[in-house]
Amino acid sequence: MFKASENGTGHLAPKHTSRGPAMRSGRLRLNSRAKSRSSARLAKLHDKQSERDYRELRIDKVGVRGLRFPIQVRDKARLVQNTIATIGMFVDLPKEFKGTHMSRFIEVLNAHGDVIHVENITDILHAMQEKFHAATSHIEIEFPYFMEKQAPVSGKRSLMDYVARFDAAACGNRIDFVLTVQAMVTTLCPCSKAIAAFGAHNQRGRVTVAIRSRNAVWIEDLVAIIESSASSELYALLKRHDEKAVTERAYQNPVFVEDLVRNVALKLNHHPDVSWYKVEAENYESIHNHNAYACIEKP
Amino acid sequence: MFKASENGTGHLAPKHTSRGPAMRSGRLRLNSRAKSRSSARLAKLHDKQSERDYRELRIDKVGVRGLRFPIQVRDKARLVQNTIATIGMFVDLPKEFKGTHMSRFIEVLNAHGDVIHVENITDILHAMQEKFHAATSHIEIEFPYFMEKQAPVSGKRSLMDYVARFDAAACGNRIDFVLTVQAMVTTLCPCSKAIAAFGAHNQRGRVTVAIRSRNAVWIEDLVAIIESSASSELYALLKRHDEKAVTERAYQNPVFVEDLVRNVALKLNHHPDVSWYKVEAENYESIHNHNAYACIEKP
Amino acid sequence: MFKASENGTGHLAPKHTSRGPAMRSGRLRLNSRAKSRSSARLAKLHDKQSERDYRELRIDKVGVRGLRFPIQVRDKARLVQNTIATIGMFVDLPKEFKGTHMSRFIEVLNAHGDVIHVENITDILHAMQEKFHAATSHIEIEFPYFMEKQAPVSGKRSLMDYVARFDAAACGNRIDFVLTVQAMVTTLCPCSKAIAAFGAHNQRGRVTVAIRSRNAVWIEDLVAIIESSASSELYALLKRHDEKAVTERAYQNPVFVEDLVRNVALKLNHHPDVSWYKVEAENYESIHNHNAYACIEKP
Amino acid sequence: MFKASENGTGHLAPKHTSRGPAMRSGRLRLNSRAKSRSSARLAKLHDKQSERDYRELRIDKVGVRGLRFPIQVRDKARLVQNTIATIGMFVDLPKEFKGTHMSRFIEVLNAHGDVIHVENITDILHAMQEKFHAATSHIEIEFPYFMEKQAPVSGKRSLMDYVARFDAAACGNRIDFVLTVQAMVTTLCPCSKAIAAFGAHNQRGRVTVAIRSRNAVWIEDLVAIIESSASSELYALLKRHDEKAVTERAYQNPVFVEDLVRNVALKLNHHPDVSWYKVEAENYESIHNHNAYACIEKP
């Protein structure tokens, strides 16, 4: 399950992680010159990062990026989904300090379980603030997400892939949480349909929706809003009767890229929990080698 | 030459484009069913885009994206540089209209010369406002940019590649112009140098600087600011004595990713023309498989 | 665990998949016009793909590509690792037939468990041959793979990410199986060290090793061969004493990209099970904006 | 113009390069510690690369990769086209030597004009053999390429972008030259058209054709072969009557990905100069989030 909420507390996953994506079986690469020793016996090393800086420039965000990490998230049906995230973690750095101790980001991440659980996001943000004595902390988590679908006629099941993303920040006690979902859809051009004697150009399009919300919103719910706004949703598995159905459905529901973002925005305007959104659509036009793009952002 | 200015008028290139990157020699693919006719003799086709829309939702940006196009820009030495841009063009769409006539973006682009000249940006923005009856227009142009360098000891010349980008928008008569330059550099870790008995880890890092400016600023000037803020600049061609020089230079100038953004920000703070900036640095750490990142934005 | 073997039988994972990365909880999107019906009641649709083709051209490979799918693989410690694969599946198409029934690839994939198990690869290849009446079948599976490491001095544990890939093909009863592993490493330039008064340029490098083998070879074993051939291996988490250790280790073990591929090739030459290999290394040089590359392929 | 020929001599461009994509106006970054001196006065530095290697392993390919460089090529209309290439250059390394002098690749490249001319490829290959005392040399050059098109009804002109690539190798006096062209097209699904009451799914597809040839073959000729094999070619600029024409054309010319590669292969089989080819097509299916792929290679 995946929820976006301003406090993030909706993101719960089982604490026991023995089913985790990565093994923890104590495998060690023993380097002859790399034996673990008590740090007491190690010489004190200079702490360059903690030196005083005199440039009088606060740094807005400093941290690590492009870190790949297995995570667990729960889907709406309450079972766990394992996936692989790309993670960024950042804090601010006061003007007095020369540098940040980057390894602590990884320690914070590791401290929250062998496998990161998304409900830990608020905890992770506060742990970053504490460990770095930082006023603000940020975490970005992006990952592929799968949902099972049934083909429209045959009922055949298959997995459809999406991309989801959390951008969470703590400023003091305030948490800002943005959930982004990206879904691919079919779009069929209303102009092409209106003017052509037969057929209409159509193509794969990508819709990206970012929201802030008063209460948790499921990834699944954003996907449903996106897919119901397009000419047709996509499927991994379609038999011939299904292909007939989606072809005809798309032809009967032509949408410009403009229609697509408006359809999504309209539904988000009526959603009781969504307080802000940005909706983008990009069509990989089948008649051009460039894309059509539209964007609406709720002020 | 490349300049960023709020009115964009600094970007001048010769009007004659016969030396252009693409040929215009009248090559035609003659399709039997595709002869050019006077539009008077063509049946009037339904204008789907101009239909009234009732969703009451203005679209912030709608247009084309990912369009590849040869452009000419002038380098600081006043000679022309040919390169290949990736372009986005957008306007707003009032809530009354169903769609945008996407082909007009390409017509605007083509109307400003066989090869787009960067000094045309303001003209292009206003032409978009006019042609689309739009309140706002936007253009994004990103391209590789080359500068010749001499190796520090041998003096051998070679070309170094950068990425530059214009993000320009018109809102009524007001033009907003952001110049972004991306340069790769060497960074050598001050902590690693301080604690290791010999050597210090170093790596390629990417610095991205976006500015707004009161007067035109050269791409070359931003590159110089970035490269002088790192442990060393990069070169395409280094002979052995050069390699010795840059190795030692980097070792003598260790910088954290934090130092790098501060060094750049400090110089931009003192630049008479720069009114806003965002400086980002990302190090492809040679001891990790993730990156170190820092960012300062001038409020 | 991950093994490469010519018969693929080494890739075993538990058959029960209740712990799977994706939920299978019967979630259905009910489309009003998309109810599942018995196919008996559906009109027979024309089978375009099965039409006779007269171009007299056999197609070498036809199928699906870029399919994202959660998979389970076992690590050397015998526990299961969940990851996300990008999959391609192909068969040959005899000259008599116009087309391939693409949906059958997805059905074959789904038929081998909710979550694909890598030990199924031979089964999947044969199932493809059977379902498509094909002489040859191919499957490509690429995925991120994680291994836990201990930092060399502090002993702190963290996850390191790799990329692994299977390329398997069946031609009649013969199975060809190629295991590819990609690992990032540190390389420190021997020339730079030899000529500079202090320091030496170093950088992240990418090593890609593809093998055919007589018996199963673990992914972990290829990673160990790669990492022990570089100036240093990488870690996600290094404390200050660790950073000192890896900095010094890299300085004491300088390798050119040429040394790196030779070191790996030498070990593979002595490996009892490896019958063929291709070793590539690419260094993201910290003093250039281009890469150094070397490749050895065993004939 | 672009030609593929086994001796590469067809690739001619004017020798005078004053119109070059990059400026050569003597701009120097003067580093105080980087003045050019006569190498006679520099201390002799150790030549690590020339040391004897004892691992008894010849390296197949070693060199530089990912080098960006402005190049000039001629289009079929005999005028020059400027573009930006990504270049790889490699030689073999005998088992006796520890390393390669990487800077020499850049010197070879620079020695053939301020701007590389594609007709120089054979010269460059031989220069690499000579400078490195190598038995074999390789060069890869990939670049965007533009062709002007007229819209099918309005006759409006616009530029369409392609990707072209040279892979050339010298082994002794023998030159092997492969020309690769990548073009995007429209494909409309014959099955979808046959079974749906109205409409048919269609999408952007990518066709990649690599050839060896007895005589020079134009890039333009390969593009024409590809585009005439698809449901429709793409255009950057289409007015409403054009959009009607291409929509209807695609509907009247449905092709599977299998048809596309067969159509291209059939034409290449009949081409008098083509001695080998590999044809690949990949459709970004508008009803799936994975792609359909087909490949034919001439034995």
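When the chains are written out, they are named A, B, C and D in that same order, and each has its own residue count from 1.
Criterion: a contact is a pair of C-beta atoms (placed from the backbone, for glycine too) under 8 Å apart; a residue touches a chain by one contact, two chains touch by 3 or more.
This structure is a prediction, so every number in the text was calculated from the model and none was measured.
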item	value
Length of the shortest touching-chain route, chain B through to chain D	1
Chain pair, B-C or A-C, that carries the greater number of C-beta contacts	A-C
Distance from the mean Cα position of chain B to that of chain A, given in whole angstrom	27
Chain centre separation (chain B, chain C; CA means) in Å	36
Rounded Å distance between chain A and chain C, as computed from the means of their C-alpha atoms	24
In chain A, residues with contacts to at least two other chains	45, 67-68, 161, 191, 195, 236, 238, 240, 244, 288-290
Of all residues in chain B, those that touch chain A in their complex	45-46, 48-49, 53, 55, 57-68, 88, 90, 93, 98-100, 102, 190-191, 194-195, 256-259, 261-263, 265-266, 282, 288-297
Chain B contact footprint on chain D (complex, rising order)	19-29, 31, 33-37, 39, 42, 45, 47, 67-70, 75-84, 103, 106-107, 110, 144, 146-159, 161, 220, 224, 227, 233, 236-241, 244-245, 249
Chain C residues touching chain B - in the complex, by the definition given at the top	160-161, 184, 186, 188, 191-193, 195-204, 232, 234-236, 238, 240, 243-244, 246-248, 250-251, 284-290
